[in-house]
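What follows is chain A paired twice: with chain B in the first complex and chain C in the second.
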Partner chain A sequence: MGTIRMDRRLFLKSAGATAGAVAALQVGCLKYFKKGRSSAGDTKEIPTTCELCPNKCSAIAVVEGGFVKKLNPNPENPKSRDMLCARGNAAIKQVYDPDRLKQPMIRVGARGEGKWKPVSWDEAFDFAAKKLSEVKDKYGPQASLWSSTEGFQEVFFKNLGLSFGSPNLVRHPTLCLASVNLAYSATFGTVPSFDLLNSKFVIMSGANRFESIITPDTMDLIGGVMERKAKLVYLDPRFTVTAAKADEWYPIKPGTDLAFILAMIHVIIAEGRHSKDFVATYTTGFEQLAEHVKQYTPEWAEKETEIPAKDIVRIAREFADAGARALYYAGRRSSWYQNDFQMRRAQAILNAIVGNWDQMGGMVPNAKLPKGEFLFMPWDEPKAPRVDEVQKEFPLAAAGDGVYLKLRENVLSGKPYPIKAWMVYKQDPMNSLPDQAKTLKMIEQMDFIGVIDVQMSDMAWYADVVFPESAYLERTDPVEVMPGIWPAVVFRQQVVKPIHDTKPNLEIVQGLAKRLGLGDYFDYTIEQWVEAEFKDLPIPMASEHMKKHGVWAASGQPSYGKTLTPDHRFVTKTGKIEIFSERLQEAGYDPLPVYAAPVQPPGDRFRLILGRVGYFTHANQSNNVWLHEFMKENDLWINPKPAERLGIRDGAYVSVSSSVGSVKLKARVTGEIRPDCVFMLHGFGKKSKMQSLVYNVGASDAVILETAWDKVSGNAAFHETFVKVANA
Partner chain B sequence: MRNTLKLLAVIATLSASLAAQGGSDTKGKFFFKKTCKSCHSAGGNAKEITPLSKTQAQWKAYFAAGKHKKGTEKIDSVIKPEQVKDVQTFLVNHASDSPQPETCGG
Partner chain C sequence: MAMKKKRYALVIDSRKCINCKACVVACKAENNVPIGNFRNRINEERKGEYPKLSINFEPEQCHHCADPSCVRVCPTGASWQRKDGIVLVNYDECIGCRYCMVACPYDARYFNEAEGVVDKCTLCRHRVDKGDIPACVETCPSKVRVFGDLEDTTSRVHELLSTRRYRVKEPQTGNGPQLYYLL
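Entry: the complex of A and B
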């Protein structure tokens, strides 16, 4: 067996041990909160909010002698509850990582050569402001691109780009969940939470929830599936940990999930198993759907998906019988195919017709909590349209996020106008975008690149100047409302002073803004910002509470059914749940999901499929020394039959080539994947020598992935690449 | 020089659609929060109002009528005349039937 299985066992074993420890800790922590916060000698315990993944779990940092010794879970947060995952614990090593950026640096060699000059903050700010001003003077403010990923301090970076006059902010969603967000928004007017803890029947398409990211909803799934015996049906070309824990696993033919869902809808409607009252009261377009899905029989779907028709029929019946407590779970999976939006729409529609909306065990619209807002001085809107032409090409997409791959195409072509400066915050386009060679070309044509990050990412490695951001344990951030079934407000406060010459993002933005003549828009401190946010929290002495506890949650049980009143208006065009979407039709898209069979790889090639493990999930944590212990290198999963045909042995190096690049990594010959696919994990093969544990180790999927995107949302389609595999 | 003029022409053309809408969403949000929300908030002196309180057509009709406080006063006596267009733009853009795809963070 290869490394993943061994590590998986180790991880689950440690997770089991953690569960026991957590139970003990919970009791301890609860006692602690009853007693109030006290310090023994030099030891302090400071509540804060984790930043190692987007989940934002509450943590309590144990600080001794000015050093973070340990991170504990904070049981007061109903979302993260008493949990801090392996990655959350490893945040300590982000602070004390010898590889991290320790002072501002300006490039002195060629881009990517790795020759840097340490400079003062003033020198770094002056240099960047001069370069940005030169681009602005020569090409206009729209010639600057501002790329960022979600985070509590992202708002300051985005505001700098906008106040500079650029419309070209491009965020991560079209590399992540934009297709999900758009499909559920188009259907329900919002993206709901999934009440996994209370569901009775869950179906997942490729969302490898037990393995790819370990968050509280993973725990809900474990609670729901493993303890309460909710049924889990899982579709994935690969036998993952989730497949191992599922009641039924189907190695579906890649790219055919939509056929499976449409056939389920066909069965449910044909047999009259849909929730008739709910459909009549809250939805629009059911009649068109009933007519539309007549063509999608289970027998037809069997040929597409390779899932037996009798199983599709049975699963559809069981799903409909579970009714309000049945869930087709969207998960956190990114988009894989060019029809991803329509596949998500079909999931949303299937959920709608069984009436699981706003029900215990179903899909629940997110409850929100009030929060104050710091009103900063507003600027004039950027004059130019976006360079990615979102409004023309993707009229229904979230324009403020941009569409990353279309943007890169337009930047490379120089049309509709040139982009010559690129500022990046907390993002690594070198690894998060497919086709790294194209990203490198984009880098080449920039007059200036500035990167703000905690570590020397591959993107930072190719920058002209790097601004070292303080790690989350070293800074105070804006307050965040966590909407959900159990809504909460979380606060991230400084736990230790920065150990290197780093700054929080706000101060980096202010340093640049001052030199760009934009200082008035950022004339506040983080303390003023968070105090304004505390102001509208519905609790007495909110500021004191948040500093003492790090989190506040509305008490009581989740409330279901608030939107289930006949006069409730959904935030859609018709005010109803839109099964048939006029808005999609007006924009030139299919108003109901239409299936088109995916192109299959030629005989000598494989479809490349991707996935994640919870140790790092995203590319930016694989250099963390504690997480690296779990997995040191990625490999290529290949089925024994094609491996034998190609003479590939387990553990031998193979080359994997697509039309855009080639990588070398070890083969893992395993029957846990279909013969028409190969699989590799994300996050290895780094180019930055300051990612020393994973520099040139394994391979980066970004090198071989081809450019493709979902037609409606613009979300990158990550499973559209065919590769050749050969002994290296 | 010719290239620069060409570029400016392209941007001017592409910008026309934006300019035609008039009003600034960013400034409108600021003025709405600063002025309107001082009364129209939970626990405030007047009924809580958010952009979702009306549809796009209803907001447009409201501003076309230009009245405030059940028609007893003009809207531009409450919001400065030069800010009305911005507030209208913000409210219409985020009305209950406006396309508002959700995003991750941000």
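Entry: the complex of A and C
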């Protein structure tokens, strides 16, 4: 290539006379424009906090003439430091997206038909309040459902639901990380951070941290693995970016990670490589564990996982030898299999027995910072029990978050009582829940649906009224404490005025509350709320500091080992790290993780596995014009062997069908996946025409995923669907 | 006081690149790059058959060459080079003939349809001239690129090139590329 280009170059150089002639001809088309806008007096730099994912990275917005021109990373944040990912950078396009919701709208056609009437805020509030009141009068306040996802202003939405009298708040954790959080809490009484920056040996399975979401953990892992030469062992049925960067990659048979972990524990205990002092001082139930894992030999695990026994033995030895600085990474989205809680529990136990608790390079309990609270007028607690019957069905789960898939089953059956109104904030159940046909049925049986969002999500597309929320760069939000190894406080402040007729969520909540007779509970401004929170921050002149810097972190190095005193009481039943859990036993679950082989797909089927890529991750980013450039359509990864058998060609469309639905996708025939599973990315195939870049392009995994959940946490199990693939 | 001579360069540690595209979007925002055009990119090289596989990622943009062919072929002098090595396009003089795009061994230039001129990476000169670093360098989660002045013997780029092995792309062109890839 180089030579060819050089020849061209020499040719052009020697053809100068011709070039001159061309120049003369084209002078008429000359366009003058000034590049590099002047950095005149109207440029402002305003620190704020990113909202494109839940990681709260600090950004500095460069504003010119009232427009956000650029978002730079704010190095004062000890977690995000000097990085902003692709999504963080692309947040500008969330504000200036032509598809954005620009004013409140009321549906005039059938649900999902896309016929809307722009209305005033008063009309939208009056309409929603009337509908909500009708449901309350007819069925009681518990007949309303309030769905939301993590966000700084989520608190106002939840409080509206509670003050309205509904116990039925349902949040995102059981579609994401409920199982991993519950597993670590059940073992250590808390969910720790992972000191990836200082670890010497990291095992990752059920997580893909170099690819699926870019967070401070990603940076730390790069620092640890690429600069400090930590070893990374990675298990995944797919060859991902993380696999490419790992020292060792094992294409594990899907759903068998628990067998691998139990065999590692078997080897470590059999060879006496566990941290004996730590186990004796801080844990309970080790003897039962030692007895329990005798059955889980590496040879047995090889048959389950297809990872050679000799490698399992070697990895177990290397892991135990790294001891306090070895980490089995917990993972983030843990909505994988029906045994996910027990798989993450086994990780937690493995981490515990090598003694990495509260150690540099190990697992570290999160340090916290105090924050003030705004005291609002309290309301009576909702009287009805939750519709998803969490306390009865999932006694250990976080009741306040609900269990989404169980909730949908109960709503569809109308038992224990009917749900007739659905309010949604910052969430797209049409794409984030499996089995979209079921979600559509749930939508059909509602007397009223109201959605608050920045954009016309698929859920908003099926709503009766849509309330446009201001983008994060247009709002000031409550103050957030980020607990962690390096705790920090972050502040999101308004960078530009809203460019459309939108409102921050608090004002939307207030508009509804006033008309529902609940106005007194929300009688404050965001400024009053924020100032109250500033009050207890351990910072002199907190308000001024946070507005000027956007972030505050305690100086100095993290201190490890604060909980490593023999009299330290862990927040568990026994006060110790619970290897054997009586609490689990009493609730009717396995007190130690018991392996059951996952059901395998029948001959002509594949297991469907899902994943994310960091420039989208969540379903709400694929319509961002700057991110869409990287991937315009999702495809189906299939190994060349089965592809050949089925006559599937790379780039040709295939139908992918499960028991609940069928989609069409382009095939990507690639050796970067095992032959027994197929893979697709999340976030495409939108039904909303106001997601114009991805409307009807590619496919939504929600259409074909079947409903399944983890027994203990209720977390959705997204990797339990078998599909048939055929040329379309 | 005489200004000390400068020579800007990028030293790139491709091993740390995870193809997250943060640099590409940061550049897009910082420089108003049109949709469909890019001033930087990440090349992917995928090799092997299941399960023996590898992927290499390699960020690339204008190499701000020592003897840039794009400048040599430009019929109007629109493509030019600053004393510190930054290769630029003077939009007032560009006639859109695109010879420079053909002459570039690195495919680092694009034609801006709306403006009728050729455009490319400026190493964020507007930032660099204020003492900041280019947007792609700053935003990167893994700090793949290191920006600096090769003439400054205390700079990180000077240190890296003095102590580490590296390669440049297409050296046979005689362009003298100034993107240094660590081995």
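Following the convention adopted for this analysis, the second predicted complex is superposed on the first by the 687 of 728 C-alpha atoms of A that agree within 3 Å, B and C clash if a C-alpha of one lies under 4 Å from a C-alpha of the other, contacts with A are read in each partner's own complex, and residues count from 1 in each chain.
Everything that follows uses one rule, which is that contacts are C-beta pairs under 8 Å (C-beta built on N, C-alpha and C of every residue); 3 or more make two chains touch, one makes a residue touch a chain.
Given the structure is predicted, the values throughout are model-derived calculations rather than measurements.
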Worksheet item: Is A:686 touching the first partner chain B, the second partner chain C, both, or neither of them?
Response: neither
Fill in: First, second, both or neither for A:375, with chain B first and chain C second
first
Worksheet item: Is A:384 contacted by the first partner chain B, the second partner chain C, both or neither?
Response: first
Discussion item. Once chain A of both complexes is superposed, is A:154 in touch with chain B (first), chain C (second), both, or neither?
Written reply: first
Worksheet item: So, A:724: does it touch chain B (first), chain C (second), both, or neither?
Response: neither
Discussion item. After superposing on the shared chain, does chain C or chain B touch more chain A residues?
Written reply: C
Practice prompt. Report the residues of chain B in contact with chain A in the complex, numbered from low to high.
Written response: 7, 10-11, 14-15, 17-19, 24-27, 29-30, 33-34, 42, 52, 96-106
Fill in: chain B partner contacts - residues on chain A that touch it in the complex
54, 139-140, 142, 148, 150-151, 154-155, 158, 162, 171-173, 176-178, 181-182, 184-186, 189-191, 370, 373, 375, 377-381, 383-385, 391, 396-398, 400-401, 416-418, 569, 571-575, 583
Fill in: Complex interface listing, chain C residues touching chain A
13, 15-16, 18-22, 24-26, 28-30, 35-36, 46, 48-51, 53-57, 69, 72-73, 75-76, 91-92, 95-97, 99, 102-105, 115-117, 122, 125-126, 130, 135, 138-142, 170, 172-174
Worksheet item: In the complex formed with chain C, which residues of chain A make contact?
Response: 1-3, 5-6, 8-9, 12-13, 16, 19-20, 22-23, 26-27, 29-36, 39, 69-73, 82-86, 88-90, 92, 210-211, 214, 218-219, 222, 226-227, 239, 241, 243-245, 249, 251, 614-615, 625-627, 629-630, 639-640, 671-675
